[in-house]
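One chain, subunit A, links the two complexes that follow: it is found with subunit B in the first and with subunit C in the second.
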Partner chain A sequence: MKLSWKPFVLSLAVLLILFPFAYLVLLSLASDWRFPDLFPSYIGLKNWSKILSSETGLLTSFASSLLISLSVAIVSTVSGFLISRAVFYHPKKNTLTLLAYFPYILAPVVFAACLSFFFLKMGLFGNVMGVIIAQFIIAFPYALLFFSSFWNKKVKSYEDLVATLGGNRWQTYIKVLFPLAKGLLLICFFQTFLISWFEYGLTSIIGIGKVQTLTIKVFLFIKEANYYYGALSCCLLIFPPIVLLYFNKRYVFKKLA
Partner chain B sequence: MFLEIQNIVKNFGQEQVVKNLSFSLDAKKTLSILGKSGCGKTTMLKTIGGLLSPDSGSIRLNGEDITHKKPEKRNIVYLYQEDLLFPHLNAFENIAFGLRLKNIPKSIITDRVNHMLKSLELENQSQKMPNQLSGGQRQRVSFGRAIITNPSLLLLDEPFGSLDAGTRHRMQGLFKNLSKEFEISSLFVTHDLKEAVLMGDEIGFMQAGNLKVYTDKNEFIADPETGVEEEIKFWGALAGLEKNVDLKKH
Partner chain C sequence: MKNRTNNFIISLFIAIGVIPFAAAFVYALLYSFGIIGIANDGFTTAFWSAVWSSGTFFQSFLYSFSIALVSITLSVGGALWATLKFRKQLEQKFLSFILYLPLAVPGIVTGFFTFQLFSKSGFFSRIGYQMGWISQPSQFPDLVNDVFAFGIVLSFVTMIMPFFLLLFLNVYKNERVEELSVLAQALGANAKQVTQRIFLPILIKKTWVIIVLYFIFLLGAYEVPLILGQESPQMLSVLIIQEIKQYDLDRISEGYVIAVMYTLIVSVAAILLFLPRRKPAYET
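Presenting the complex of A and B:
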C-alpha cells in the first residue's frame, strides 16, 4: 500500500497554525514561568478572574473597544454604501474615487499627527468620540471603495424600475438595494470592524493614552514585560473577530457561494 | 387623446437624440414603434416615463401635464428588455412588489397576484425563485409585475429581444391577450419588423431621433424607409426560388 504524506503534511500545517493561539491561551493561564522551567509554576484562572477587577482595566478597555469598533463599523458601512451611490452617479466619479485613497497614502501615525491640530481645536483629543471620528476617517474610504463595485447599470435599472412601479427613494433602499447588497454590507461591516478593532497608530495619538482600547492595552502590557496580561488581552482581542468570522462563514459566505 | 406628446427634444451634450417628438395615442391602444439600435427609442421611452427630463416640449397623460412629474407619481411603468426580476424575491413576491409599495391589504394582494399568476399560466411556479424560472417564465413574471399595478401607460422597450423565436411568438400572443383583458395603453418599441406589425394597433417608425406615426398599416408598408417592401421582395424571391426547385423535382 502506498503511503500518503498528505494527511501528515496537513496535520502539521494545522498544528503550526493553531500553535500560536494555543500558546496564547496557555500564557494567559500561567504566571511565574521562568527559564529554564519547562512548565509554568502556576496554571489557573487567576489572570482571567482579574478581568472583572478594576486593577487591570481590561473589562473597561474591552467595552470601549467594542463601542468604538461597532460605531465605526456601522457608520462607515452605512455611509460608505449611501455615498458610494452618489459617487457612482457623479460626473467626476473617477476623481472622487481617487480622493478616497488619500488617507492610505500616509502612515496612520503621520496621518494622525496631521489631524491632531484640528482635533485639538475641536476638543476631540483624548476622548472616545475623537477616536471614533479618527478611525472613521480611515474606515469610511475603505467602505466607499468596497461598495464602488456594487453600483452598475443593472442596479440603476432596478432603481428606475422601482420608481416607475411607484416606489420612493426610501422604499428603493429598503425593499431592493439593501437586500441586493446584503452580503456585501455584512462583509464590509466585518472588515471595517477589524480595521477599527486592531487600529493602533491613530488611536494612540488621538486618544493620548486616555482612551485605552484593547490593542493599546496589549502594547502597554508588552512594554511592561507583563506577558501573562498581554496574552490575556490578546485572547480578548481575538474573541470578537472569531465570533464575527463564525457569523460571516455561516450566514454570508454560504449565501454568496 | 389619452397620451399627447408635443415637441419633445432631448440632447446629450451636443448630440440631439430625440428631435421634436410629437404624437398622440388613444386609451387602451398599443402604438408599436420600429427603429434600429441607437435611433433614440429608449431615450424617448425614458423621457415619457420620467426617468430622463426633456430639454423642451410637453407630455400630457389623460389631460394632465406630467412633463415635470416624478416617475413614481406618473403611473407609467417602463419595462426593459431584461426581465429585471428581483433575485431575492420569488415569483409571487415579484408580481406583488408594486402592490406592496402601495400598502394594499394583504388579502387583496394575494387574490390579485393569484389571479395574475393564472392569467400568466404560472400558477405552479409562484414559489420559485427567479433563477429557477426559464427565460419566457421570467419575462411573464416581469409583465405580471408591471400590469398588476394597473398602470395608465405601459412602456415596453424591446421586451422580447432576448427570447428565442418560439418563446417570443408565445409571448407576443400572451401580451395581446393581457392587453385586451387588462385594457392596457402601451408604447411597444422593437427593432423587429414583423413584431412591430403584429403588436401595434398603430405603428410608427423612428429614425435618427425623428418619429413618424402612420395613419394605417398600408401607409407603413408603402413607405420605402421602413424596409417592409424590401422584406416582401426578399421573401417573394425566396418563395419563387423554392417553387422553381419544386417544379424541377417533379
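Presenting the complex of A and C:
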C-alpha cells in the first residue's frame, strides 16, 4: 500500500501556521525565560494582570488604536464608496484611477516623512486627529480602488431604472446601491480597519511617539528588550483581526459567494 | 445641478487623493535642491551629487530589489505549488480558515516573532544548545540582522505566501481551471502539459498585476527590515527615514533626495502598470 505524503505536509503546515500564535501567547505568559532554557521557569497571568494597571499603558494604547482604526475605517469606507462612483463613471476614469494609485503604492512611512511639515504647520503633529487624518490619506485610495469593480453597467442600469420610476438620488443609495454593495462595504471596512490597525511607520512619524498605538508599543518594548510585554502587545494586536477575519469569512464571504 | 455635484465630488477626490501626494513630492523635491530647509540657503545640486557619488541609494535600491525579488519568487512559487498539490484539501472548512490566520499578523509582529526564533539567544539557538550542537549563543549562525537578509526574506515569505495561496485558489475556481484541465486531458494532454499550458498561464496572467504590486510594497517595506535588517546596506524606507531624522542637517536634504528618487521609481511603476488599460475581454 502506497502511503500519501500529503497529510504529513498539510499537518506540518497547520502546525507552522499555529506555532507563532502559541509561541507569542506562551511568551506573554512567561517571565525569566533566558538562554539556554527551552521552556520558561514561570508561566502565569502576571503580565496579563498588568494590562489593567497604568504602568504599561497597554489598555490606553488598545483604546486609542481602536478609536483611530474605527474612525479611519468608517470614514474611508463611506467616502471611498461615495467618491468612487463619481470617479468610475467619469469620462477620464483611467487617469483619475492612475492618480489614486500613486499614494496607494508609496511606502506610508516615506509619505508621512514628506508630509510631516504640513501636519506640523496645521497643528496636526503628535495628536490623535493628525494620525487619523494621515492614516485616512493612505486608506482612502485603497477604499476607492476597492470599489472600482462595483460600478459596472449592471449597477448603472439599476440606477437608471430607479430614476425612470421616479426615485431620487437619496432613494437610489438607500434602496438600491447600499443593499447591493453591503458585502463589499463590510469587507472594505474590515480591510481599512486592518490597514490602520497594523500601521506603524506613518503613526510613528506623525504621532512622534505621543500617540502610542499598539504597534508603537510593540516597538517600544522591543527596543527596551522587554519581550514579555512585547509578546503581550502582539497578542492584543493579533486577536481583534482574527475575530474580524472569522466574521468576515463566516458571514461576508459566504454571502458574496 | 447633477454636473455641479459630480464636479464637487471629483474636487473632493483631488483634495484627498491627489493633493497630499503632490504636496509631499514637491516638498521633498524642494528640500532636495536646497530651496527649503533649516540649514539650506538656496538652489543647489550638491545633495543630489553627494547621493549620486556616494552610491548609497543604488546600494540600498539593489539590496531592497534583491530581497523583494527573492521573497516574491519564493512566495508565488510556493503558493502555486501548494495550489497545484493541495487544492482539494485546502477547500475543507478547517484548513480554509487556518489559511486566513497569517493575514491577521502585521509586519511588526512577524518581525518580532522571527527575531525571537532566530536570534543568537532565540528559540532555535536554545534547541541547538540542548541538542549539544552549540555551547554558547555566539556559535549560532547569524540569521537575523544578517548580511543575506535571511530573517527579512523569511518574514516576507510567511507574510505574503498565504495571501497568494488564497488568491490562486480563488482564481482557480473562478476561471474554471479544473474544467479546462479535464477537457485538456480528454483531448490527450498529460499532467505536465496541463500544468504548463493551462494551470500556470491562467493563474499568472490573472494575477500578475497583484504580484507586481506586492513586489513594490516589499520594496518599500519598513517595519520588518527595521527589526531584522543590518546597519548597512539598509532597505530603502529604513534608509530614507534614518537620513531624514538625522541631526546632521545636510544629511536631511540627502534623505529627501533618496525619497524623491524612490517616489519617482514607484510612480513610473504605477504608470507602467495601470495606464495602458487594454479593453476588457467582456463587458461587466
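FYI, the second predicted complex is superposed on the first by the 252 of 257 C-alpha atoms of A that agree within 3 Å, B and C clash if a C-alpha of one lies under 4 Å from a C-alpha of the other, contacts with A are read in each partner's own complex, and residues count from 1 in each chain.
Methods note: contacts are C-beta pairs under 8 Å (C-beta built on N, C-alpha and C of every residue); 3 or more make two chains touch, one makes a residue touch a chain.
Quick caveat: nothing in here was measured; it's all calculated off a predicted structure.
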Original post:
Should A:Q171 be classified as contacting the first partner (subunit B), the second (subunit C), both, or neither?
Top reply: first
Subject >> Partner chain in contact with A:L99 - subunit B first, subunit C second, else both or neither >> reply: second
Subject >> Touching partner for A:P179 - first (subunit B), second (subunit C), both, neither >> reply: first
Original post:
On subunit A, which partner touches more residues: subunit B or subunit C?
Top reply: C
**OP:** Based on the superposed arrangement, let me know which partner A:D160 touches: subunit B (first), subunit C (second), both, or neither?
**Re:** first
**OP:** Answer with first, second, both or neither: which of subunit B and subunit C does A:P91 touch in the superposed model?
**Re:** neither
**OP:** Mind sorting out which residues of subunit A both subunit B and subunit C touch, each in its own complex?
**Re:** 154
Original post:
Can you list the residues on subunit A that touch subunit B in the complex?
Top reply: 154, 157-158, 160-168, 171, 175-176, 179-180, 182
**OP:** Please give the residue numbers of subunit A that touch subunit C in the complex, ascending.
**Re:** 6, 9-10, 14, 17-18, 20-21, 23-24, 27, 34-38, 79, 82-83, 85-87, 90, 94, 96-103, 105-111, 113-115, 117-118, 136-137, 140-141, 144, 149, 152-154, 197-198, 200-201, 205, 215, 218-219, 222, 227, 230-231, 234, 237-238, 241-242, 244-246, 249
**OP:** Note which residues of subunit C are touching subunit A in the complex, please.
**Re:** 6, 9-10, 12-14, 16-18, 20-21, 23-25, 27-28, 85-86, 89, 95-110, 112-113, 115-117, 121, 123, 125-127, 129-130, 137, 162, 213, 216-217, 220-223, 226-227, 236-237, 240-241, 244, 255-256, 259, 262-263, 266-267, 269-271, 273-275, 277, 283-284
Original post:
For the complex, which residues does subunit B have touching subunit A?
Top reply: 46, 49-51, 70-72, 74-78, 80, 82, 84, 86-88, 97-98, 100-102, 145-146, 149, 155
